[in-house]
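Each of the next two complexes has chain A plus one more chain, namely chain B in the first and chain C in the second.
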Partner chain A sequence: MSISMIELVFWMIAAASLLGALTVVFTRDVTRMALGLGVFLLSVAGWFVYFSQTFLAAAQVFVYVGGVLVLVLFAIMLVHRSGAGRPALESRHTIDSIMVAVAVFVLVVSALQDVGSALTVTPLPGSPDAISAALLGPMLPHFEALGVLLLAALAAVIVISGGERS
Partner chain B sequence: MSLVYVALALFCIGLYGTLTRRDIIAVLASVEVMLGGATVLLVGLSATSNLAGVSTPPGETSGVGLVILVLAAAEASVGLALMLAVARRLNTTRIDELDEVSG
Partner chain C sequence: MSGSVFTGYTGGLIWGLGGGLVIAIATLFGVWWERKVAGRIQMRLGPQTTGPFGLLQTVADMVKLLLKEDITPTQADAPVFRVAPLIVFVPIAMAVTVIPFAAGWAPLDTSVGMLFFLAVPSVSVIGILMAGWSSGNSYATLGGLRGAAQMISYELPRTLSVLSVVLLAGSLRPVEVMEAWRWWFIPLNGIGFLVYFISSVAECNRGPFDIPEAESELVAGYFADYSGIRWAIFMMSEYGGVIAASLFGAALFLGGWAWAPGLFGTAIFLLLTVVLVTAMIWIKWTFPRMRMDQLMNTAWKVLTPMALLQIAIIGVVIAWL
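Up next, the complex of A and B:
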């Protein structure tokens, strides 16, 4: 059985994202968790390149790897600054949680059975001018609502982390 | 179909982490994994599928992806700010110690 180049790329990105996700969920070291999150977020950008959404991939790298990951590392350094021992993350692995996760997987896979078999692998390229035409055309309400949401989030972050004024 | 399996596996790994992790920052990271899996599935299906003859207009796939990206970034920043506030006031980031509604 021969594997085509595009399938090889697919499974490489899949392996990277699954590895990153498993590291985030199962590691006990907080810096390794941040590293796994970085691998996962970069692999999501890889998925976007695989689907020919190159602008989205660039935005993912800028916003997530450049923004959110730095924010996570910043929070780790601010909070987990205890002593000599490296901070360990604890988990409570129970059979219930495994059952919930597996049940959701089975449920959604069975629900999407028809959708997946109807896939045609012809990616539509998402060029920046097409994106701007979409964002300022049919998606204008979403675009405006996002602006309001970002302003609200910014104000909330400033209020929450502003410290006590006493 | 393997795209559906991989994206759902990512989502369910994140779900498992969200249920089992005890530290707020690890729960937030697991939520990011869930969001990432859902985004991969949404963008992947939108970019490649041609369901019932209705194809997505060009640009809207990336547009939807950008909307999710911004929502997730706002969620992460507000969550981390809440974690910093909790850590500063109560001196803990373990969610099983934060079981009082009135602090």
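Up next, the complex of A and C:
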């Protein structure tokens, strides 16, 4: 065997990530796009497992695949008019989108250029203990700030969905 | 068993295939047991002619379903339609791997097992939505939408109820939770177990929470258009879900193997599991189906506050332990 098992796992996760991302970019069918996003989100969980962050992997599956993605699919199906066939995605901003995508790509590549070869993976403690100690220790202000942000978002949703009340 | 074929990548493959096979066989007997119990509830005998006590009835059914034509409707989104049953079944089969079957042993002994058990089956909701949507008919889509709404809602009280066990034991690793388990967890965590049990029934889309399938209004809901082996995989997922939820409840809430040493402990654990499975079947054949608004009210206004109350109780008590 020329490549080791762990490398094979690496390339399999990479292939899943790319497959999901390409599906999202190139398909016109909104439902399949959401499913491509699902493949990508699962592959992110795969990356977390690869770097032995099992807690983050489980949380990723729970929150993004089991929660957010289901809500996305739910919304697509709910707004779809019956009898109109499968909903397709029509973009009116092809040129603008391409410009933004290229700009983001250049930004990411230029940011990662210097790190590139120097990038080594240092295994971080991925246990729930370590994560909770960090979240309730040095990261507590960030954690609390995120909580306030989420509360504000929830309040906004209630205001928006409440409709007009005379 | 370190260093043998049961570890590493080949080990993963063996455990995966073996686990899938065990779940498949267990669901066959789950179906048989349900038909037996349902029969008794309705004052009939249930399957009895094929094999002793009709035990081979579901095996024969499985052979029949394997030979049946596998139809893909012309209106369906074929690739999505074909793959959907597997997306429902595989996560449920995976969830069983973290259950501690014997003292200090679970097939997959991970430090986040409790979260794993809750997180991985939540992927099967996607399969239900895929099945409902790709069938290309209104009944199936409605069933899929109902299933998604229901499973997302009941995930919350279910997770909160498991959290109370995690709080009590102080670990997310199922094997460690079992080691920390004491008999007085049952009275202390009684509300939590009730919430867990009810929301597990709802997560499996079983009566009285079976509105995504609702045969009297939606034909069969999200799997109305399926036939043959793909239909059977949906059935296996339902019973796999029931068995997985019962195994987890019997171990982490009711103590499982902690009641007795060695193999006796595992036997008691499996017996408790059968009791919980039977209770779920009993509930299905006793209560009428709930309406959508009643279903949501139960999740958000009854079960979630109950689970929070349980966590508050344990939060207070834990200081004295």
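Throughout what follows, the second predicted complex is superposed on the first by the 137 of 166 C-alpha atoms of A that agree within 3 Å, B and C clash if a C-alpha of one lies under 4 Å from a C-alpha of the other, contacts with A are read in each partner's own complex, and residues count from 1 in each chain.
Criterion: contacts are C-beta pairs under 8 Å (C-beta built on N, C-alpha and C of every residue); 3 or more make two chains touch, one makes a residue touch a chain.
As the structure is a prediction and not an experimental result, all values here were calculated from the model.
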| item | value |
| --- | --- |
| Which superposed partner A:A134 touches (first chain B, second chain C, both, neither) | first |
| Chain touching more of chain A, residue-wise (chain B, chain C) | B |
| Partner chain(s) touched by A:V61 [first = chain B, second = chain C, both, neither] | second |
| First (chain B), second (chain C), both or neither touched by A:L78 | both |
| Touched partner set for A:M5, first chain B, second chain C, both or neither | second |
| Contacts of A:F51 with chain B and chain C, given as first, second, both or neither | first |
| Partner chain in contact with A:A16 - chain B first, chain C second, else both or neither | neither |
| Partner chain in contact with A:V39 - chain B first, chain C second, else both or neither | neither |
| On chain A, the residue positions that both chain B and chain C contact, one per complex | 55, 59, 67, 71, 78, 127 |
| Touch list for chain B against partner chain A, complex | 1-6, 8-17, 19-23, 25-26, 28-30, 32-33, 36-37, 39-40, 43-45, 47-51, 55-67, 69-74, 76-78, 80-85, 87-88, 93-94, 96 |
| Touching residues (chain side chain A, partner chain B) in the complex | 10, 14, 17-18, 20-22, 24-26, 30, 33-34, 37, 40-41, 44, 47-48, 51-53, 55-56, 59-60, 63-64, 67-68, 71-72, 75-76, 78-80, 89-94, 96-98, 100-102, 104-105, 108-109, 112, 115-127, 129-135, 138-139, 142, 146, 149-150, 153, 156-157, 160-161, 163 |
| Chain A to chain C touching residues, read off their complex | 5, 29, 31-32, 35, 38, 42, 54-55, 57-59, 61-62, 65-67, 69-71, 73-74, 77-78, 82, 86, 127-128 |
| Of all residues in chain C, those that touch chain A in their complex | 9, 77, 80, 110-112, 115-116, 118-120, 122-123, 125-126, 129-130, 132-134, 138, 141, 144-145, 148-149, 151-152, 155, 172 |
